[in-house]
Each structure stands twice: as C-alpha cells, then as structure tokens.
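Shared between the two complexes below is subunit A, which has subunit B as its partner in the first and subunit C in the second.
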Partner chain A sequence: MKTSRVLWSVLSVLLLGSMLMAACAPAAAPTAAPADTAAPAATSAPAATVAPAATTAPAATTAAKPAATGSFLDRAMAGEFKGTTVTATGPFVDQDAQKFAATMADFQAKTGITIQYQGSKEFEASIKAAMDAGNAPDVIDFPQPGLLASFAKQGKITDLSKQLDVAAVKANYNPYWIDQSMMPGKDGTPIMAGIWERVNGKGFVYYPKKAFDAAGYKVPTTFAELTTLEDQMVKDGSTPWCIGIESGAATGWVATDWIENIMLRTTTPENYDAWVAGKLPFSSPEVTNAAKIMASIWQNPKYVYGGTATIVKTSFGDSTLPMFDAKGPKCFMNMNGNFITSFFPATAKAGVDYGAFYFPPIDPKYGSPMEVAGDIWGATNTKPEVMAVMQYFTKAEHLKVWMQQGGAIAPQKDADLSWYGSDIDRVVGGAIVNAGTLRFDGSDAMPGAVGAGTFWKEMTSFVSGAEDLPTALKNIDASWPK
Partner chain B sequence: MSMNTPESSRKSLISSPVVRAVAALVPLAISLVILTWGFFFVRDLQLVKNTIPQLFIVVIAIIWGVGGVVLLFTTANFFVEQLPELWVHRLQPFIFIGPAILMLTWALVIPTIRTIISAFFDEASVGFVGMKNFVYVFTNPAMLTVFRNNLLWVIFGTTFTVSAGLIVAVLADRSRFEVAAKAMIFMPMAISFVGAGVIWNFVYAAKPVDAPQIGLLNSIVVGFGGQPQAWTAFFQPWNNFFLIVIVIWLQAGYSMVLFSAAIKGIPAEIMEAARVDGATELQVFFQIMIPQIMGTIIAVSTTVVIFTLKIFDVVWVMTGGQYDTSVISTEFYRQYFTYNNNGIGSAIAVVLFIAVIPVMVYNLRQFAQREVF
Partner chain C sequence: MKSKFAGSLLVNGMLAVICLLWTIPTFGLLVSSFRDRIDVNTSGWWTIFPHQDWVSVQEVTPDASVNRDVPMTFKADSGTSVTAPFEQLQIGVEKDGYRFQWIGNRRVGYLEIQKYTWTSNTNFTLENYKQVLSSGNYTAALKDGTTETALGDNMTHAFLNSVAVAVPATVIPIALAAFAAYGFAWMKFPGRKMLFALVVGLLVIPLQIALIPILKDYVALHVNGTFLAVWLAHTGFGLPLATYLMFNYISELPRDILEAAFVDGASHFTIFTQLIVPLSVPALASFAIFQFLWVWNDYLVALIFIGASPTNQLITQRLAEIVGSRGQDWHLLTAGAFITMILPLAVFFGLQRYFVRGMMAGSVKG
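After this line comes the complex of A and B, so read on.
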C-alpha cells in the first residue's frame, strides 16, 4: 500500500507538470505540416504569428502569380519573411558548402531568412530516405537531373511555373536549360521542376602552361593538330595524357565524359539526344565510333602516362598531379570539367601554371558543341520564403561570391564575366553563356541504371581489358530499363 | 498503522481485485498519454527550433525519453501487480521484454515485411509486377556475376579465415612467443572494414613505372623488374581474391582467439594418451584436436559465412563494385539508392535474407547446443 501511495502522488505531480507544459506549448505547432499549402503563413510555423505579414500573406500565396504585392524575392528583400528558415540539402560538403554559405550570406542578411544547409556525401541515398519518409528539406540541390525527375514523377516536387514568373526565368536562360528543367509531373504533364543554379562545362583540356609554352607546343584547333601534338610529345620523350578514372563507387564516369564529348564532335546533336533517350543504341556505329576514338588514345601506352593500369587505379583528381611534378610535367594534358581545378595543387595559378583549351572539333561538320552539367534545385513546398530562395537562384547575382572564389559557373544570362575570379573560369563561363549548342552530360541524364550503372561499369571493364568493345556496348544496351 | 472505521471500509473497496485493476489502469493510461503527447511536443519543438535553443530541446527529449520509459515500466508493472497471482506470472515477463519486442518489431520486423512486399512491386513501389524482379535477379548476367562473387567470398573467405586462424592457434600454442604472435594476428580486428579498405588501397596502389611506387605490392613487383599492375581491376575474376585477402587478414584474429581458447580446453590427458599410444603430431591434430573443437569450428565457420554473405564495406571502398567485383549487398545498395529501383533492390535484399536464414538458424542452434562461448 505504501509504495502505491507514493506512486499516486508521483503521478499526480507528473500530471500537473504535464498540464503546465501543455499550457505553454507552442499551440500552432502540432498542426504544422511542412508541406501544408492551404494557408502557408498562418500554420507553417508559430513564428508566422509574430511576423507582421501574417494577415496579408495567405491572400498573396493563393494567387497564381503574386503580382499585387510584387514577386517573392521582392517581398523577401522587403523583409516580409524575416525570421523564417529555409532548409536545404545537397551533395556538396566541406569547401563547397562553405562557398555556398558565403554566397548566400548577403541574401540572409538582407531578407532575414535563415538558410540551413546540410550536405551529405551519400546524397542520393539520404535524399531518397528523406523523401520516402516525407521530411525532405525545403530546397534540394540535385547534381543529376534524373533523380529530380524521379521525384517529380512521384508528385513530390513543386511546379515552379505555377509559382514564379516564367517569362522572367526564361529570359535569363539559354532555352536548353529551360527545356532541361521541364519534367513530367505526377499526371504526366510537364512541370518546371527546378532552377539551374550553377553549372560546369566539360571537355576542357588543362595543360601545364609554362612547360607547354617552353616546349614550343601550340594549342591544337583541330583533331589532326591534336594528334600531331600528341606524337610530338611522344617524340620529345614525354607523354601526352594524364588520365585517371577511379572515383570510389562512381568509378568510370571520366570515360563516359570522354565518349560524350567525342559523340558531340562526331555526330549530330539530334543523334546525341536520341542516344541519351535510349533510341540510338550503344552498339550503333555512332557510339561505337566515339568509343573507338577514345580507345585510340587511352589504349595507346605511349599516349597515356602509366598506361591502363594507371588509368583504372588513379583517382580522377590525382591523375592531374603529374602535370605539376616538381621535375617538370610527366604528362601534358588532362580533359575534364572545369571543377577539376579544385584538385590541382593549391599553389598552381590559373593562367600561369596551367591553361585550358576546349577539346578541338573532330569532324568540322559538327563543330564542338558544349557539354554541360550542373546543379538543379527543386523545391518540396510552396512556402513564400522558399519560393523567394528559388527565385533568387534564377539570378546570377546570387553566385557572385562563389564565382569570385572559383569553382562555380553561372548559367544565367545576367552573369557579368568580370565577376569570375580566374581567367579560366571566365573563358568557361563565357563559352557556356554564349554557346549555340549545349548538350547535357549524357550519362547524368540517362536512367540511373545505365548512366550511373552499366555505362560506368562496362567502360571500366573495357578499359581494364576484361571485355572487348562490342561486348561492353551490347551489355549496356541490354541493361537499358524497358 | 492504526485505522478507523471509514478508512478501512474504503480500503475494502480498494482491495476488491477488479476495482484495483481498473484503478491501476488509470496511471498506465496517463503515462501513455504523457508519452504520446511528449512525442509530438518534442517533434514540434524541432519544427520551430530556430526560435528555441537546441540544448533545451535536447534536455526535454532526454527527460521525455528516459523519464517516459521509467514511467511506463513503473505504471505497467503496477497495473500487472494488481491482477490475480496467476496473471501476474503470465504477464510480468512481457512488461520486461515487451518494450524490446516492440522496438524490434518496429525497427526490424516491419521493415523486413515492407521489403518483401516491395520486392513484388515495380521500381516506384506502385504497380504489382509479380515475380518479375526475381526473374531479373536470377537471369541477368550482371546478377549472375554478383552471385559468383559472393560464392567466391563465402567459399574462400570462410575456408581461409578458419584455417588461418586454426593454424595460428595451434602453432602459437606451442610457441614461446604465443602472446606476441597472437597479438600481431589479432590486431587487425581493431580496424574497421572501411579503414582496412583504405589501408589496402595503398597496398594495391599502382603508379606509373617511372614514378615512386607508394603501393607495397607494386613496389615489390617493380623492385624485381616487373610492371606495376592494377590488382583490383585487372585479372578478372581473380581480382576478387585481392579483396577477399583483406577480410581474411581482418578476421583471422577472431577465429584464432576462439580456436585458441577451444584448444586450451582440450583435456591434457587425452592428448597425452594419444601421444603415448604413438600417434604422430598430425594424427593428434586431425584425430584428437579437430573432433574435440568441432563445435567451435562450426560456430566460427557459420559466423564467417554470414558476414561474407553480407560483405559490403570492403568492396564498396576498394572498387565500388566495379571491375566485376560487385556482391549482393553492393548491388542491392546500387539498385535501391543509385538506380532508384525499389523493386529490384528489395528483391536482391530478400534473396540475401533468405540465403542467410539457414546459416543463421544452424549457427544459433550450435551456439545453444554446444555453449561454445
């Protein structure tokens, strides 16, 4: 009896305590669903009740285009969403996450919106888990549009064309970028699923400028000149190419970039599109030819430093280091996206220690269309502060700090080339904004099972000598999801 | 205690078992309400965390979590104790293991069932596709390579881990340097699989022949005038063995320790008797020692079989499953998370699950029967 009496008194104290806690609990919180769109400002967070705009906001957000009170960005800049938080996630961490924070600092200071970014190296897995669980962050950076497309199809991504001023967005981008952001929604009709925030150009050949110039080499402008240059380097006792394809679980993507770049220079953009869409098989003469041209360089032990053993075992970043060897370059050229400069020695200066040229046209008929890749941001709700962030991404101004620090290329037309911190970035940025024909990185746009799967896998098998080319290409075709 | 009449009449009412049991339900219900409400309270605190200090949320969560568990246990136990004797005996065990069972159900059983269900659905878990995913798993050439690799892992990984451990245990037993030798073999056990992958990536590193070889294996090869090789990429399917070696290196210590203990447990008289009878050392080993420690050998073998079946980290770190080194776990991860194919990913997971079950059951039986630990 005694113990039970003690228990009863403990319980009554607890009951009283819980009543007290209930009384001071944030009353609005239990009903707040992150994706609640009916009356965003009133229920989204208790903070909204202290915001002066709480009464005007719902009216504005229900309108298709917030013309009456100005765009989301204008309203954010006027301080309307002060105190709100926008959560963000993406694949970039460490240095790039710091650059992102730096580039968004101005926005946060002006609008009072807090941006909470949490990056993950296992981004694909973590975002899928978060999406399935229904607690994905407000805005998400996708390095591969295919993943965004799969979430758009499940109806989990906001159609930005219903929220933002589409005409203004279109005016600021090459139409190809807009096309690439339209993805089928849940009912199959295309929605504008994301905003291209920053991009990178591929097919740039980096070379150690000092030694290159000292040896009397000239930047090749045709494929024939490139071959002459390669042979000249071999004759001089050096090696033309530095190549490495090791990249952990993503090993092999460097080979896919090579094939895509060669494809763009040896066939029509329409054929390239058909190939990416799965209509032109890998075993077709066009793709086979591109792979053969790549192999003619890669499998020539005189052309590649260390031969195929080094190719398969060297990480793509480390593969550039022999260009900067203290005793002079061991090899002279590395083809990659402009992000590769992050892997160069910290002391290497753009324009002095290294230069870059665009991989020359192979067949003059097709020129050299630009292969691009990039980061597209999707939103998971229509909260006004989230839309303000998305709208901010459509302006090159938001990237200014990052462009200055290097490593980001702006796809937006209002980007000022003088904002770039390095001459090489300026060349890449100008090339992307002014390019006539752009084509997205094919493997990133293919279904994951091919673009992040068999295309890598079969190319590594081919490069390591385990399979011949026709077998490898046939295996990729067989793996295309039906 | 001295009591007057009204109190004792109240007491008689309370001592009626039904009333007491029903009354005892009240605190249980209240604590359940507090727990549930606390969950939403903490969750919603998180939603508005930019206005509330993180530390405050953490403190609340700890009070709710630890206090809630204590409260729930106390009230539930109190409730059960009010019941008739027979029911106390029937229900009390569940008060103790109930929470554990609930947690296991929630975190293990339900996900397992969901995985099995989604194995029969398409990549977005929307349309029912029947056995299609399993047909793919067992007919796709890439999947067949995966099974072949797993078979290599199970057969060679287990055989070498067990025999290496056994040999070291037997030899160390007669050595003057037993402790030092065993410590050397056991040390890699302290290294995580990912860490071991990184270390062995350096062992296998290949540099161009004119550059300094930072990889141990290639510097030996080049030292003898050979060409540097990419061990984990070339020589398919033998490159798998360069990965299997890592796990043998890691796990031989584990089997050695168990065997060593088992060998020391063999009665000295039996060995003595065999030697007196003129048995050679090999005969003693095969006909006395092995049968005596058979239980340990089976237990160790099944344990190693299970983790080689599930092997993931080493492959993921070393090759990412490229160069035909993919195994069931890496392929499952790739299908589910990289290719976004819930159906095939789940089907592979189910196959792995089914493959592990018999070994697991056998293993548990052995542990129960022979009490090897």
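After this line comes the complex of A and C, so read on.
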C-alpha cells in the first residue's frame, strides 16, 4: 500500500502541476506570439538595415492624417487597423515559417496589425476540417491551386477583384499568373480567388560548381551541348546525373516534372495546355516523344548514378548528396525545383560549392519556356486589415527579407533582382521574370486522380522497368476522370 | 530434472533471441540519432562496430599536367609501385597488400592508397538532440569549422505540453469511471441496467465520426485550441471503456466487506474512498497506463482540437513537423522519436506489474 500512496501523491502533484501550466498557457500565448515574431526582426540585420527610407517616408506622411482614404494597404500603413489580428495558415513550418515571420515583421511594425501564422504539416486535412467547422483563418496559403479552387467553388473564398484595385494587381504580374488566380466561384462565374505570393522555378539543373569548373566543364546552352557534356563526363569516369524519384506516397513526381519541362521545350504552349486539360492524350506523339527524351537520359545506365534501377529507390532529396561527397562529386547534375537546396549539406555554399543552370532548350523554335509552381493565398473574409495583407502580398517588397535569406522567388514585376541573397535565386528569379512562356506545373493542375495519382505511379512503373512506355501512357489515359 | 532444465534453457534462449531481434531496429535508431546526417546517408549504423575494410593510408593528387589518358605510375611510401591506366585504377589495383584506388573524376580526382584493416566508424554527435530540444535560434558547428544558425525544434516545450495534456486526460476519466462503476455495481436505482447498457453501447462509437461536430461546438464555446478541449475529448472517449473495465473489477469485489461496512454505518462515499479505491488500485493503475499511453501517442485529437498553435502543440505534433516542409530534416526524427519515447517507457517499466495484472482485470472470474 505504501507504494500506491507514493504513486497517488506523485500523480496528484503532476495533475496539479499540469493544471497550473494549462492555466498559465492561454494567458502566456498572446504575449508570447508577438515576441516570437519580433525576435527575427531584431536579430536579422537585413530587416533592420535594408528597410529603405523610401518606404517609410510615405507611411510617415500618411500617418499625419489618420482618417486616410485610398487602398486598404495605404489605410493600414496609416495605422488605421492598429491592434487588429490577421490569422493565417499554410503548409510551411519551421524554418520557412520563421522566414515568413521575418519577412512580415516590417509590415507588422508599420501597421500595428499582428499576423498570427500557424503552419501545419497536415495542412490539407486540417484546413478542410477548419473550413467545415467554420473555423478557418483569415488568410490561407495554398501550395497548389487545386484546393483553393474547390473552396472557391463552395463560395468560401473572397473575390479579390471586388476588393482590390485589379488594374494595379494586373500591372505587377505576368498575365499568366492572373489567369491562374481566376477560379469559378459558387455561381460558376470566375472570381479572383487568390494572390500569388512567392513561386518556384522548375527545370533548373544544379551542379557542384567547384569540381565542375575545376574539371573544365562548361554550362551547356543547347541540348546538343548537354549531350556532349554527358558523354564527356562518362569518358572521364564520372556519372552525369543524380536522379532519385522516391518521395513516399508521392513517389514519381520528379519524373512528371521532367516530362513537363521537356514537353514545354518540344511542343507549343497550346499543346501543353491541351494536355493538362485532358484534350491531348498521354499516348499522343508529343507526350510520348517527351517521355522518350527523358528515357534517353534515365535509361542509359552510364548516365545515372547507381544505374537506372536505383532511380525509384532513391529519395529525391538524398539523390543530390553524391554531388557533395567528401571525396569529390560522384555525379554532376540534378534537375529540380529551387527548394532542393534545403537538402544539400549545410556546409555547401551557394555560388561556391554549387551552381544552377537552366535546362537547355531542346527545340529552338519554342524558346526558353519556364515551368513554375507557387504559393497562392486566398482570403476567407473581407475585413479591411485582411485585405491590406492581401494587397501587401501583391508587392514584391513584402518578400524582401525572405529573398535575402534565400528560398523565395518573387513573381511580382516590381521585384529587384539585387534583393536576392544568393546568385542561384537570382538566376531563377530573373528567368521567371524574363521567360516568354510561363506554364504551371502540369501535374498539379491535372485532376488529382491523374496529376497526383496515375501520372506518378505509371511513370514509376515505367522507370523501374515494370511496364513499357506505351502501356504506362495508355494506363494514364484510361484513368482520366470522365 | 535434467530435461526440465534443458527445457527452460531452450525457452529462455528462444525468448532471448526474439528479444534481441526485436530490439535491433530500435538500437539502430538509437545509434543513428547520435550520427551526422551525411554519415547516416553514406554508411550503415552497424559500421560503428569494429569491422575490416579498405582504409586510406596515403593520398596522391597527380599534377594537372599529368596525362591521364595513358597508364599512370604511382608509388606508395612503402615502396610499392603500380602502373595502370585510369580505367583499371578506377576499379582498384591490388598489390603487396595495398589497393591503389582512383577516387572521382579523371580530371579532378585523386589516388588513394588503401590497406585492408580493422576500422570502426565512431563519429558521434549530439547535434541532432541539440537542435530538436533547443528553442529559438540555435547555432550548430559544421564539419568545415563554420557555423550555421538554425531554428531549434523546441521539443522541450512540446514535451511539457504533452504532460499537461496526458496527466489530466488520464486522471479525469479514471476518477469519473471509478465513481460510475461503483454506482452501477453497488447502488440500486431505477434504470440502472438500461444506463449501463447505454454506456457499454457507446464503446462501439468511433472517435473519428465525432470530430467535426465536437470541433463546431468547441468553436462556439471558444475552447478550441486549449488544453481543456483535449482533456474533455479524451475524457469523453475514454469513459465508456474505463467504466466498463472498472465495473467488471469493482463488481467482483467480495460482497461481505461492503455489507460489513454498511452495517457499521458507512455511507456510500466512505465505502468508495476507504474500501473500493484501495482495493481497485491494480485495475485503476492498469487502465491509467492504457489511457496515458493512448493520450501520449495520440496525434489525431491533438491535431484537430489544438491545431498548429506553436504554444500549445503536443509532442506528437512537433514530431511530425520536425522533418520540415519537404522532409529535408529527416535525420532529426530519430532524436525526436527517442525523446518522445522516454516517458511512455518510464511509465511502462515503472508500472509494469500493474500492466500485466490489469490486462486480466475483470476477465478472470474468481
């Protein structure tokens, strides 16, 4: 019985302790949140020093007349919405969430609006539950437009074209981005459902710059040059490509990115759009040709580190590591989105240890098109402080700190390339701004059953050798929802 | 006698082998949690044990002017000399116990002279644990001597949050269930059987179907995102099973003791606190373990009712997030997993004897 008495007293102490903690926790939360967001601003020098006098000046002048009129952003900068809170959610957590807090610190300091961002790894599930329960935050970051479109159709998303100055928004974006933010609303008429805040460029080849340069290799600017380079590398006893497509349940998406990039370089943007819309089948000559060009690299055992068989077994992130082997690169090129750098060893420095080049055009007829993806923010209400935040997202200036810290590419035209902290981001950012043809990641825009289903799976089967190409493409066509 | 000894030896031996097999993956995980990300990626955790391998004893970087398209000559310090073309050196040329191995590209690589010898991989680091446990910015020393500032994952805070959720979410349902079980077992009131059947019937209702309705109510009551919300949810869904288990145990207690107490003039409350609770410690403790482990390991309820609020996040939520948006920090999972495991393991080993006893609580009629 003695032990049980000890047990009970321990339990009761624990219970009391946790009750106390819980009692303190809600009280502590509001004070802790601003402290968290303020901290990066204080520690990161760019936020404090870069903040240009030019932007503070208008804010100071408008602050003189508090009953300011004009756009939501002007009114916010005049301090009209001071003390309000805008809740936000999205899929990015940890470092990205910290960078977001840092990049929004300036806005919060100037407007007095508190932005409470709560990221979730299980974003899709938790945002659906929150929407159903009527508990959705004010602004939501969607990593893919599909989910935003489904909420827009349910009438849960604000039509920004009725709130913001559409002409000003249009002037600051490539028209393709504006097209991609128009989605059918509840009654079927298109609404402007979101604002593209930051984007990714895909189709860049990363390479270990130091060894690449030391070996005397030159960055290829045409597909023929790329092939010559590949063969030269093989002759020198190296493997040209690091390729891995394993990504848990999403295994295969790397292959879809390759095909999309090759499609854009070998056929017209109209054909690409028709393909994404389901009008050009996968078994068509255009798509088959793109897959064959991919296979000419992937299925050449001398071109791929570890051979073709390891492609489906290697995680897309780990596949980059042989480039940074302590004993020199084991393979020299990896094509991916710009987020891939977060998988590189922490010791690898951009511009020194690794560089990036644009995957060369294949058919010069189609120029240098660009495959993009991005984060689009939607709003769930029309509160003025929420609209001020949305309007702020349309200006590249809001992303300045994040661009400086690396990892964010601005789609806005007013982005200054000198804001990028790394040369690689600058290359990608410049390519996105200058690209004649922009196209969204096709598999993201296809119906989920294909774009996030059979396209991945069948490509994995094809790469692993379980199926031949015509069968794989035919299977994808068969799975397209009627 | 002898055969009995041999038999027990066989059984114990088998058990030992099974235990060993069962523990190997966990052990590998533990070892990996102390290793650098690049090390984990390039060599297995078992290489920490002494094993034989080719180990570099000398490195020769040929001058840039050396023509690498014709056979090259290399001489080791020991006097052994090898002349071979690049293609052979790339595979490795063995001579006098040495291996001449070309590393990397023909143009920028170098030659390693290796010896087959005993080696072990003992590059251990505490960085994984540091990053997982620290809050705010934290500075890590990198291999090349530079430092990197990263955001700590602050699992310490999440750990305390989890304690704050798990303890009340264990104690409240047990306390309520013990009262209820006593009522159902020893008090006579109309509708008792109906009510009890209702409670048992509730056992079959899965938690998942109630998530959204409860979330709606919580939002209306403004308790969403607080610990209270999670306590109530776990209490509600833990109660039917708790009541049922406690009923089975309490109703089996000898009637004589209770009758004697009644005759002596004890009230229901006195009997409950003085007799029933002390006698039911094994059942209480065993259910406490079950409930505690369930609440501690729960992810779904926490995700829905606490959401992603960084101040109130539980350890399971943190654990899911430390890998980063794209899984780039997978190497932290091992350290995070072991921190998450500590308390359940302590509870299990501390209350092990109740655990076994409790698994049979109410199931063996005496």
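Basically, the second predicted complex is superposed on the first by the 413 of 482 C-alpha atoms of A that agree within 3 Å, B and C clash if a C-alpha of one lies under 4 Å from a C-alpha of the other, contacts with A are read in each partner's own complex, and residues count from 1 in each chain.
Note that a residue touches a chain if its C-beta (ideal position, glycine included) is under 8 Å from a C-beta of that chain, and two chains touch if they have at least 3 such contacts.
As the structure is a computational prediction, the values presented were derived from the model and not from experiment.
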Exercise for the section: Would you check which partner chain A:133 touches, where first means subunit B only, second means subunit C only, and both and neither mean what they say? Expected result: second
Handout entry: First, second, both or neither for A:464, with subunit B first and subunit C second
Key = first
Exercise for the section: Could you say whether A:330 touches subunit B, subunit C, both of them, or neither, answering first, second, both or neither? Expected result: both
Exercise for the section: State whether A:96 touches subunit B only (first), subunit C only (second), both chains, or neither. Expected result: second
Exercise for the section: Once the structures are superposed on A, label A:319 by its partner contacts, choosing first (subunit B), second (subunit C), both or neither. Expected result: neither
Exercise for the section: Tell me which partner A:147 touches in the superposition: subunit B (first), subunit C (second), both or neither. Expected result: first
Exercise for the section: Considering only touches as defined above, state whether A:305 meets subunit B (first), subunit C (second), both or neither. Expected result: first
Practice task
Overlap the subunit B and subunit C contact sets on subunit A and report the shared residues.
Solution key: 4, 7, 11, 14-15, 18, 21-22, 25-26, 29, 32, 122, 125, 247-248, 330
Problem - subunit C contact footprint on subunit A (complex, rising order) - result: 1, 4, 7, 11, 14-15, 17-19, 21-22, 25-26, 28-29, 32-33, 36, 39, 43, 89, 91-96, 98, 118-122, 125-126, 129-130, 132-135, 211, 214-216, 233, 235-238, 247-248, 315, 317-318, 321, 325-330, 339, 342-343, 345-347
Fill in the blank from the handout: Residue positions on subunit B within touch of subunit A in the complex are 27, 30-31, 34, 37, 40-41, 44-45, 47-48, 50-51, 71, 74-75, 78, 123-124, 141-142, 204-211, 227-230, 232-234, 236, 316-317, 319-324, 333-341
Handout entry: For the subunit C and subunit A complex, residues of the former touching the latter
Key = 37-38, 41-42, 86-87, 90, 102-110, 112, 136-137, 140, 142-144, 146, 148, 150-151, 153, 160-161, 163-165, 167-168, 171, 211-212, 215-216, 219, 224, 226-228, 278, 281, 285, 303-304, 307-312, 320-330
Practice task
Provide the residue numbers of subunit A that touch subunit B in the complex, in ascending order.
Solution key: 4, 7-8, 11, 14-15, 18, 21-22, 25-26, 29-30, 32, 34, 45-47, 83, 85, 114, 116, 122, 124-125, 128, 147, 150, 153-154, 247-252, 305-310, 312-314, 322, 330, 447-449, 452-454, 456-457, 460-461, 464-466, 475, 478-479, 481
